[in-house]
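A, B and C are the chain letters, set down in written order, and residue numbers restart from 1 in every chain.
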Amino acid sequence: MSDRLSVFKTYKLYVGGKFPRSESGRVYEVTDAKDNWLANAPLSSRKDARDAVVAARKAFGGWSGATAYNRGQVLYRVAEMLEGRREQFVREVAQAEGLSKSKAAAVVDAAIDRWVWYAGWTDKIAQVTGGANPVAGPFFNLSSPEPTGVVAVLAPQDSSFLGLVSVLAPVIATGNTAVVIASEKAPLPALSLAEVLATSDVPGGVVNILSGRTAEIATPLAAHQDVNAIDLAGADEELAKELEIAAADNLKRVLRPRPVDFTETPGTERLTAFLETKTVWHTTGALGAAGSSY
Amino acid sequence: MPTTAPPAHALADVTASDSTLRRFLHGLPGVDAVGLEARAASLGTRSIKTTAKAYAIDLAISMVDLTTLEGADTPGKVRALGAKAVHPDPTDRTAPTTAAVCVYPDMVAVAKEAVAGSGVKVASVATAFPAGRAALDVKLADVRDAVAAGADEIDMVIDRGAFLAGKYLKVYDEIVAVKEACGTSARLKVIFETGELSTYDNIRRASWLGMIAGADFIKTSTGKVAVNATPANTLLMLEAVRDFRAQTGIQVGVKPAGGIRTTKDAIKFLVLVNETAGQDWLDNHWFRFGASSLLNDLLMQRQKLATGRYSGPDYVTVD
Amino acid sequence: MASAPAFEYAPAPESRSVVDIAPSYGLFIDGEFTDATGGKVFKTVSPSTEEVLSEVAEASAEDVDRAVKAARKAFEKWSALPGAERAKYLFRIARIIQERSRELAVLETLDNGKPIKETRDADLPLVAAHFFYYAGWADKLGHAGFGAEPRPLGVAGQVIPWNFPLLMLAWKIAPALATGNTVVLKPAETTPLSALFFADICRQAGLPKGVVNIVTGDGRTGAALVAHPDVNKVAFTGSTAVGKAIARTVAGTRKKLTLELGGKGANIVFDDAPIDQAVEGIVNGIFFNQGQVCCAGSRLLVQESVQDELLDALKRRLSTLRLGDPLDKNTDIGAINSAEQLARITALADAGEAEGAERWSPACELPGAGYWFAPTLFTNVTQAHTIAREEIFGPVLSVLSFRTPDEAVAKANNTQYGLSAGIWSEKGSRILAVASKLRAGVVWSNTFNKFDPTSPFGGYKESGFGREGGRHGLEAYLDV
């Protein structure tokens, strides 16, 4: 039996539900932990970032307007699809992060479970963070969370898959849409995740995934006036400061980088970081016009 | 300012049928209770002092329909009331007369005599006051009786049962009939008994219904139920007369009745008039207080302003 | 008809004698009033008369440093105090404010120019209520949904505006202290006095020294405070431009930031609105506090089918507004806070006229001295007009029309801001549908400009981030 020559995959970006090559026409070499060539990944340009923002904005109305139950089902579907491609992701994570097969399997399992965790949050977070406010007057007053909008996400550089899922899932669970910059040196699990998302009922444009030089892509995103928030998880200290300054131009909500153990069950921080609180007052008053008499 | 208008005014066609009338009344803008009450309360914080207070007190006195509507009323009591209406303050002849005395139909003749020549009007409640629970011909007879005895003004009650059942045309027809019975000599005040209409939307509808039917005045209440005139329901009725005149050219008066006992209260109502319907209604031809004990408080406050001393009940007449 | 004399309200001024303003004030640092290093001072004037009320110390960067050090020193003990004890200090403050509310209302009216009716009936009751509300949280933080034992941040640097001087102080200081932080607060340059009186209230309440520090000054003092390396938390209410500058300043630090900035609120009137109440709501929305309110309903969006009727009613109502002496209890419209603000309002209104919008004001005599601007309404305004886009922060209403709910929502959201909005309709489902589509932090339906300590307040988009008020308001001051 002769050795079969394998078929390589051409990794592409994921924008607006489609898999385009980078508008720049450029790629960069992705290696494994031992510097062996793995693939050529698209080197995204500013234009790719801009296209991704347009796609994310276009998807926002539908995704934020979907019922929380529906979003939960979609996120759960992502977990189901991932479970089916578990072996592929174990292999990719092992290569990307230089992990043993068993350690990579634990990472992938945790990532799948994280989707399940966030799938369950979609229709609960409003009850945890919102509520009725007992104002001193004849008003019904209710605060409820709403998604911020388009969120730029700098995925963690080291935890290329579990870290990615841990920062992406909470953003879309609450109804935001995302433009994700994959780990610069290990973008392949992210680019493969796009294939899962595309087959998991996640509407096109809700998640957009770009690979390339984090600083190059993040800079126009941080300054983009139609991006509402930015998660700086994948930025180093210097870049984070630069991006936070740029983000001030339209007062983006900024989640600063801080050390996170992605194997731990997360709190609600990443859910609430990209939620706005809307408070609606409505007059109530008495049933009738009896009122007080003189 | 237009005070007369052709009888077939701009809204004549809304009474073509029960359904056109209902459509019209239910098409009036809704009333938000919280906002209405907040506006009334806010106007209630106006601070009326010194010269403004003196003006308001005299105006309020001139707007009082000095009222006695008791089973125990006697000709003597009505004569005393008439004398008080003509000379409210026996110690100060500069005090203005009240607008009217308001009595039951059988006391109209007595009242008429008591105020003769003074300019004080005699108003009579009629139409089976206060419940209005009688057949139409009985109510009309009641009205004709009072008019025949010389009543200048008739205070009728609407059929709240019919109104709440949505039989607006029945209520309308009844007002039209009473108006006709008033003839040309008596002005008609239409009492809604706002406390029984239950909602502000109903009070707005009743106001327009009454005005379309020819009311000269719309009046809150009989004084015989738990909730009578309030700043909010009076404000609402002032908005109605203001808007009705804008639409038809016809000016209609407003009379809050029942529960207004102090000068402070009365001034609050005058502020409502001033800042809602406006200056044109600050006259006893267009605004009245249906009250009895209010007058004495107005007189005591008037004495205080004149003398700088607080007055007491012994310095005003008790009826 | 007999023509009666007009019902003219005689002057009804609130007495000034209830407030005793000293000729000069120092900075309140570490429990004591102290002169500014270098002894610089500035004057604060009454906007309605231009009378100089007092001279106030101008804090330098060095003074800010002293204040931050005092707050840092006080933090250790204050944050370690049992919550129940912190609560009692705040309850004391709330009560003292209630006791002194007449004095503080008159003071605020003098320094700010707003009508006594508002300081008496809105500002002061809300100030006391805010302290009372957050007092109760101090020993219940573990139940607030931020973990079992949420920790304070440390020293909070707080910069507040001139439109609600004492109320904005309450919104900043009450939650900060309840959660165990200490504060350095900078009041606005044109309205420093009520914050300095608050310092005296802290003294009466026996608040430990250094827990609250007040540094007066202009923008430079504020800049020094937010840039100070030992400040852990920055809270700012004011203009969007300054908010952005502050966001850049704190970039790359660990400082937690909340911003409450500008707005261009849409007040949407549907054809099934309760019209008379809508008129009141529009008036309250744009003329409350002379329109110098970040959440003002400065854009009226009215459905075409009721536009004429509504505008007639609105104009009639504006003709009854009483402009004049802010201390008169019957004054509805007081003075603009400063010459600078008046110039800005004037320039924007002139731009509205130059761009072709139709200007209208009721007949209205403006006093000779002081800073005044007549209530103003612009019709024929389109989305492209400057006065439909820029925050005017004055008594100027831009009227636009719409035909469908979709169009109303699109126009309402077509702004860089997202602080407030109003909806007027008697149809419940429409209100809820529109409310859910508006990108604004506070939506008032069939009411406007209502505030309550339990109700979170804050913006979307360039109106800032973070919430003040309610349980939500604790988060800004906790390490979560």
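What we mean here is this: a residue touches a chain if its C-beta (ideal position, glycine included) is under 8 Å from a C-beta of that chain, and two chains touch if they have at least 3 such contacts.
All values reported here derive from a predicted model rather than from experimental measurement.
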Treating touching as the only link between chains, describe the layout with one word: line, ring, star, complete or other.
complete
Computed over C-alpha atoms, the centroid farthest from that of subunit B is that of chain A
Whole-angstrom distance, CA centroid of subunit B to CA centroid of subunit C, is 44
Chain centre separation (subunit A, subunit C; CA means) in Å
36
Could you state the distance in Å from the CA-based centre of subunit A to that of subunit B?
68
Going by residue number, subunit C touches two or more other chains at 446-447
At which residue positions does subunit A touch at least two other chains?
139, 283
Counting only residues that touch at least two other chains, what does the list for subunit B look like?
32, 34-35
Please give the residue numbers of subunit A that touch subunit C in the complex, ascending.
128-129, 131, 133-137, 139, 141, 143, 148, 228, 237, 240-241, 244-245, 247-251, 253, 256, 269, 276-283
Which of the residues in subunit B end up touching subunit C in this complex?
1, 3, 29-32, 34-36, 38-39, 45-53, 55-56, 59, 239, 270-271, 274-275, 279-280, 282-283, 285-286
So in the complex, the part of subunit B that touches subunit A is made up of which residues?
32-35, 37, 194-195, 197-200, 202-203, 226-230, 232-233, 258-262, 265
Within their complex, state which residues of subunit C touch subunit B.
1-2, 4-12, 117, 121, 272-277, 280-281, 320, 329-330, 426, 446-447
Quick check: in the complex, which residue numbers of subunit C touch subunit A?
129, 145, 240, 243-245, 247-248, 251-252, 254, 259, 261, 416, 431, 435, 438, 440-447, 450, 452, 454-458, 460-462, 464-465, 467, 470-472, 480
